[in-house]
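As written, the chain order gives the labels A, B, C, D, E and F, with residue 1 at the start of each chain.
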Amino acid sequence: MRKLIDENGLRVDGRRVDELRPIKIEVGVLKNANGSASIELGKNKIIAAVYGPKEVHPKHMARPDRSLLRCRYHMSPFSTETRKSPAPSRREVEISKVIREALEPALILEDYPRTAIDVYIEVLQADGGSRVASITAASTALADAGINMRDLVTGCAVGKVDGQIVLDLNDIEDKEGEVDMPIAIMLNLNQITLFQLEGILTPEEFKKAFEMALEGCKKIYQIQREALIKKYFGSSEPIPVE
Amino acid sequence: MRKLIDENGLRVDGRRVDELRPIKIEVGVLKNANGSASIELGKNKIIAAVYGPKEVHPKHMARPDRSLLRCRYHMSPFSTETRKSPAPSRREVEISKVIREALEPALILEDYPRTAIDVYIEVLQADGGSRVASITAASTALADAGINMRDLVTGCAVGKVDGQIVLDLNDIEDKEGEVDMPIAIMLNLNQITLFQLEGILTPEEFKKAFEMALEGCKKIYQIQREALIKKYFGSSEPIPVE
Amino acid sequence: MRKLIDENGLRVDGRRVDELRPIKIEVGVLKNANGSASIELGKNKIIAAVYGPKEVHPKHMARPDRSLLRCRYHMSPFSTETRKSPAPSRREVEISKVIREALEPALILEDYPRTAIDVYIEVLQADGGSRVASITAASTALADAGINMRDLVTGCAVGKVDGQIVLDLNDIEDKEGEVDMPIAIMLNLNQITLFQLEGILTPEEFKKAFEMALEGCKKIYQIQREALIKKYFGSSEPIPVE
Amino acid sequence: MMAKKSMVVERLRKAQMIECLSKGKRLDGRGLLDYRPIVINTEVIEKAEGSAKVSIGNTQVIAGVKVEVDEPFPDTPNEGLLIVNAEVLPLASPYTEPGPPDEDAIELARVVDRGIRASEMIDLSKLVLIEGEKVLAVYVDVNMLDLDGNLFDAASYAVVSALLTARIPKFTISDKGKVVKLNEFTKLPIKTIPISVTMAKIGDTLIVDPTYEEELVMDARVTLVIDSDGNLCAGQKGCSGALSFEQIKLACENAIVKSKEVREIIKRVTGYGEA
Amino acid sequence: MMAKKSMVVERLRKAQMIECLSKGKRLDGRGLLDYRPIVINTEVIEKAEGSAKVSIGNTQVIAGVKVEVDEPFPDTPNEGLLIVNAEVLPLASPYTEPGPPDEDAIELARVVDRGIRASEMIDLSKLVLIEGEKVLAVYVDVNMLDLDGNLFDAASYAVVSALLTARIPKFTISDKGKVVKLNEFTKLPIKTIPISVTMAKIGDTLIVDPTYEEELVMDARVTLVIDSDGNLCAGQKGCSGALSFEQIKLACENAIVKSKEVREIIKRVTGYGEA
Amino acid sequence: MMAKKSMVVERLRKAQMIECLSKGKRLDGRGLLDYRPIVINTEVIEKAEGSAKVSIGNTQVIAGVKVEVDEPFPDTPNEGLLIVNAEVLPLASPYTEPGPPDEDAIELARVVDRGIRASEMIDLSKLVLIEGEKVLAVYVDVNMLDLDGNLFDAASYAVVSALLTARIPKFTISDKGKVVKLNEFTKLPIKTIPISVTMAKIGDTLIVDPTYEEELVMDARVTLVIDSDGNLCAGQKGCSGALSFEQIKLACENAIVKSKEVREIIKRVTGYGEA
């Protein structure tokens, strides 16, 4: 097994343990969608689109007191090292579900009774952390669609590599590392909306990992805000948080 | 080919040619179902559950003059020597159909217009005769659900092994024997509700096999009754047939 | 690669370059269908049936101003050299679509609002040109069903074999030849309703091929008419075109 | 495959039919145990190794046989494969829809298959090319073209006739152990001719070869397959009614008698048994 | 798996439950961190290499282990295969329908699988027969029989218990390099016993082992899997609500405590660790 | 992919469009034979061997090429494989739903594939590693991202651009006859650049590169693919209307002219043909 952190504490892509990969978010990338956003995080290239609130088909699925949130996370056949069949895998079905449940706490679905809101996520290129990047993009697209929200949702993964807790795993760290722990939060509400863990952590390591993930989310949140501001106010300058 | 009946007229599991395997029926084994029963017949372990009468979805399938009986016979992946795919096989589709058609003559479906009655059968472990054991369990579960019935339906298989007509084939006899003939009857009405035959019988052998199957059904019918009595009257003592 | 046209200008089945294979059309071959026709063209054996105008299920697919035309082109498992799976292939899906779009211009669908017309085509034996033979049979079946039409639709393929433009490709010419160009026309309206091309043609070759296909269609059209006349007027004698 | 009809019409039709049957007659004039005319044409699909088109009255079906080289099933290394599929084509009736085979088509295919297999019509042990490795797989696909009742018998006769007249290629094993197809042909190894006889119970009457109209009101259906020696080799009861103990025995007797008639037709048409 | 209920009833039930939970009690009288009675029976399916039936209160599930010889995945040539499937059978509740596993069943199977895999319960490197060519594939299928909440834990305990008691055949490699099954048996190579602890958040209260009624009104669900050393090895948050940062930490503490209790039950029932 | 719209609005829009076209103009100001701006970016997906993102006006598509080692088809043992798939992603328009490709997506993929294949763009005989045993399989998947008409041309240009710029690994055959991937790269063996030109017939006018709005009212669609020598190599008529004999000839002439313009754009963007 190759070493994933060198003697200087640097990772295979030269990052420090608590450093994010380059990240870029763009809002309004699709004309047809009611809201859309693309994200690049490391080699991840992901587009999220929102359609709705809209009529529900079939009608009996409509909820009289709120909107029906539906979510599809899908990987393009060319997004992975080995070609992926376009049919949804069990992994994609599970991730679609946890992403929906990560976005739902932030949405004021009661404002749109008897409607549906569809979130479609296409992973054009996959790197480590595609599900958390997808959540970040999707919540930005929901804001772009003008859906009433309690807060943005921001996702970030943390993990354990060569025995050390590290932020924002890339593909190699994800595959060869010991632990992957993706989370998503509503930063201003101190709430976790996605939490998954795979791999062994002591209770102390868990706490450290969790704090590191929160720090990552804070940085990504700023980039989400800037992307929205850039579209709506024509400026990409950071605006002070209220 | 190994001999399936020895010089003393005993079969591979020590039974005589007209002897049933050990059989055990229990009523009310599931809390959620409106009626349920489990059966053990040799190594068969089968659960049958009844849901209904209930609303029909989709509605256009409802019948204005009777209840819609639906039936699903399904084998668990671990129920067979070699793991079985959980997707329904063509064999399971056919058996689901013949079981439904074996139960339907006993049910007074006219008493429940515009409803559906679902019978779900899960074979947790399969041995020879799983379809007839399923019918026996399912009709007991239908009685447990309080569905109006003309009679219990009782299933039993008969076959030909080493040239002899034998009752209640086990797995080896089913696979290596010459003939399998599962039947189901309404004992008190002298009616056959399931009849299948696979393998060569002379007309005389057919008559003999048929009579032997009827005798088997009579014994199994008593056990069905006792299981119902045990649940509803707290006793497993045989009560004289009216 | 074997030679497909010999020194006398004759093809593998002895035809001249502009000669059709033997063709036979019969009308009213199925009792249940509202209209039906069979065609034999070379080794092609194809049945087309029409059901409708009829109620649409599901209802929301009905069009308030016209009938909904549906079409299914399907090959029997035994219709090809190597057994074909009965599940529809992508090729069958595409051909079903282009056949529907080849028939639709001829049908006065506005005369049957809120209904559906189903065209089912079964290829019992496939030879070169099965899609154009299917169109010819299907439009004859539509006429047999009494659907209001602007004209019959007549299909014919033309291609390029050993560098020469040839009419009505058989199986070997289709597989080993250079170009296949199936077309369908409404002869009396000078309109093309199906056009496909696969293989390289110079603009001049294209014009020549197109004219040859039109000549083929003219001959086939006569046979369509005769088949209809035979059924409805009991005679197979050609009746002069109005 | 289920017709939509009003309950009132259904009850009237059934009453009328029972009335008629009680006089020993059927609506189309046949006797209770009469088949409609059976017409069989074989070798109708040149690209198939065997084929037959069968009509019984207005019911039309077609079967085709394709033979391939395949691996045997692990539990029967010394037997060739026989795979029977049935499709009720959407063009066959107003009540059939496109899609994968439904439970009716699956039952149909399995009962036809069971008759062939249980009668041991084909000696599968003679279809082995290399024991445990390469065998012939005989695919029989039967399509329903036009429905007017009694698909079980029509499909079965088509499959049996296609198998009886199939012309299958010979194979040899090369020095390197490869299967090589020869340009010679042979017949399938036939041991018996199983004949399916399907009866409907309407009221208390058993009739042979029900039409679609009769199937609409029948209480139960029973199919029995009889081999050339007059033995039973497969059976299937269908539909939501029951049969009395006496009726099942009567059905067997009827089947044995009727199977002889039909077997003669099939032998004549296929030329089977002639030198 | 979604119950139909009127909104009014739903709100009333939730209010009542929150009221009750605020006093540290549950509707069935349990304390917030109490499990219902856990009953485990192993070796209930003789034809499976391992099996276990588990009930937690009225929830009943059954798991079976089947072992086959298969090829390894190309990217892990030195590891055996572990495949966990879950089916919520239609007989298990009025809200389940026949059909392929839906997203709930897929999530369930994947979370159970993740707990086994991430804890390294089974030493997959010891399931290799011929490196890169032949390995043991361990299939674990878990069926939900009767639903009353907390399927995640019930399914997980059934799978773990079936694996702990599985009796798998030994294999040897013949001179010709073929895999030969021996008539001897062994246990799976077990390294740890992962225990799943599932909690529901209702209002602001975390409770362990929710019933179906509690699941109907819960805001969020969190499952944590703890290994024999008291470390976390898998986790999954579910449902449309959120958890506060404090709640996730509290959930970890609860899970570590409760996992010890359950592990003792499983060890006792399976006899694991006894000479 | 079918928009819902009222019949009245549809008729008005069509009347307006025909009126406008009769003056030789289109609603967006283009001439009848003008393309919208075509923007092509290649090598946008590093993990794919080749890729291209193409927009024509507001229509956006992306194609990726993946190369694998596979077995040839039995009937073409001396040719590599080319497999083109198309998906209209649900994010691409309000009228698209998740699910397997429908007939529109299947036709799209097959027509794009036909243009590549019939033009002999790629010399498939040069993709053979071991004759009859191992060949390169070139998968091209094209996703529709944002729909505003003329998917046929956009998808085709994306596929062609991705193939022209693909960087595929070299392989060698080891002494033991195994295929070994080298750490060297090469281009695909390109013989010609096929260019798809799609026209819509609205009323009696033929226009090039229809928008979604124009597609809503078009009577027929015709796509012609022209190779580098100005020959026709593939064609497809679509939609429920017909074309006159003259229109099909006119369509060919238009396609030959327009294909040259687009080929120049693709050559410039991909650098194809430059030393």
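Points worth noting:
In this section, a contact is a pair of C-beta atoms (placed from the backbone, for glycine too) under 8 Å apart; a residue touches a chain by one contact, two chains touch by 3 or more.
Predicted, not measured: the structure shown is a model, and the values here were computed from it.
Here the chain-to-chain distance from chain B to chain C, counted in touching steps, is 2. Annotation: the A-F interface is duplicated by C-D among the options C-D, A-E or B-D, judged by over half of the residue-numbered contact pairs being identical. Averaging Cα atoms per chain gives one point for each, and the point farthest from that of chain F is the centre of B. With every chain reduced to the mean of its CA atoms, the largest distance from chain C is reached by E. Here the spacing of chain A and chain D, counted between their Cα centres, is 58 Å.
Separation between the centroids of chain E and chain F, computed from CA atoms only, is 48 Å.
Between chain B and chain E, the centres computed from C-alpha atoms are 32 Å apart. Contacts between chains close into a ring here, every chain touching precisely two others.
Listed in ring order from chain B, with chain E immediately after it, the chains are B, E, A, F, C, D.
Taken in their complex, chain F has these residues touching chain A: 44-48, 51, 58, 60, 62, 64-66, 68, 85, 87, 89-94, 98, 100, 139, 141, 143, 145-148. Chain contact summary for the complex, chain E toward chain A: residues 7, 103-104, 106-107, 109-110, 114, 117-120, 222, 224, 227, 230-245, 247-249, 252-253, 256. By the touch criterion given at the top, residues 30-33, 36, 43, 45, 47-49, 51, 54, 72, 74, 76-83, 86-87, 118, 120-122, 124-126 of chain A touch chain F in their complex. Of all the residues in chain A, the ones that touch chain E in their complex are 64-65, 69, 90-91, 93-94, 96-98, 100-101, 104-105, 181, 186, 189-203, 206-207, 210, 214.
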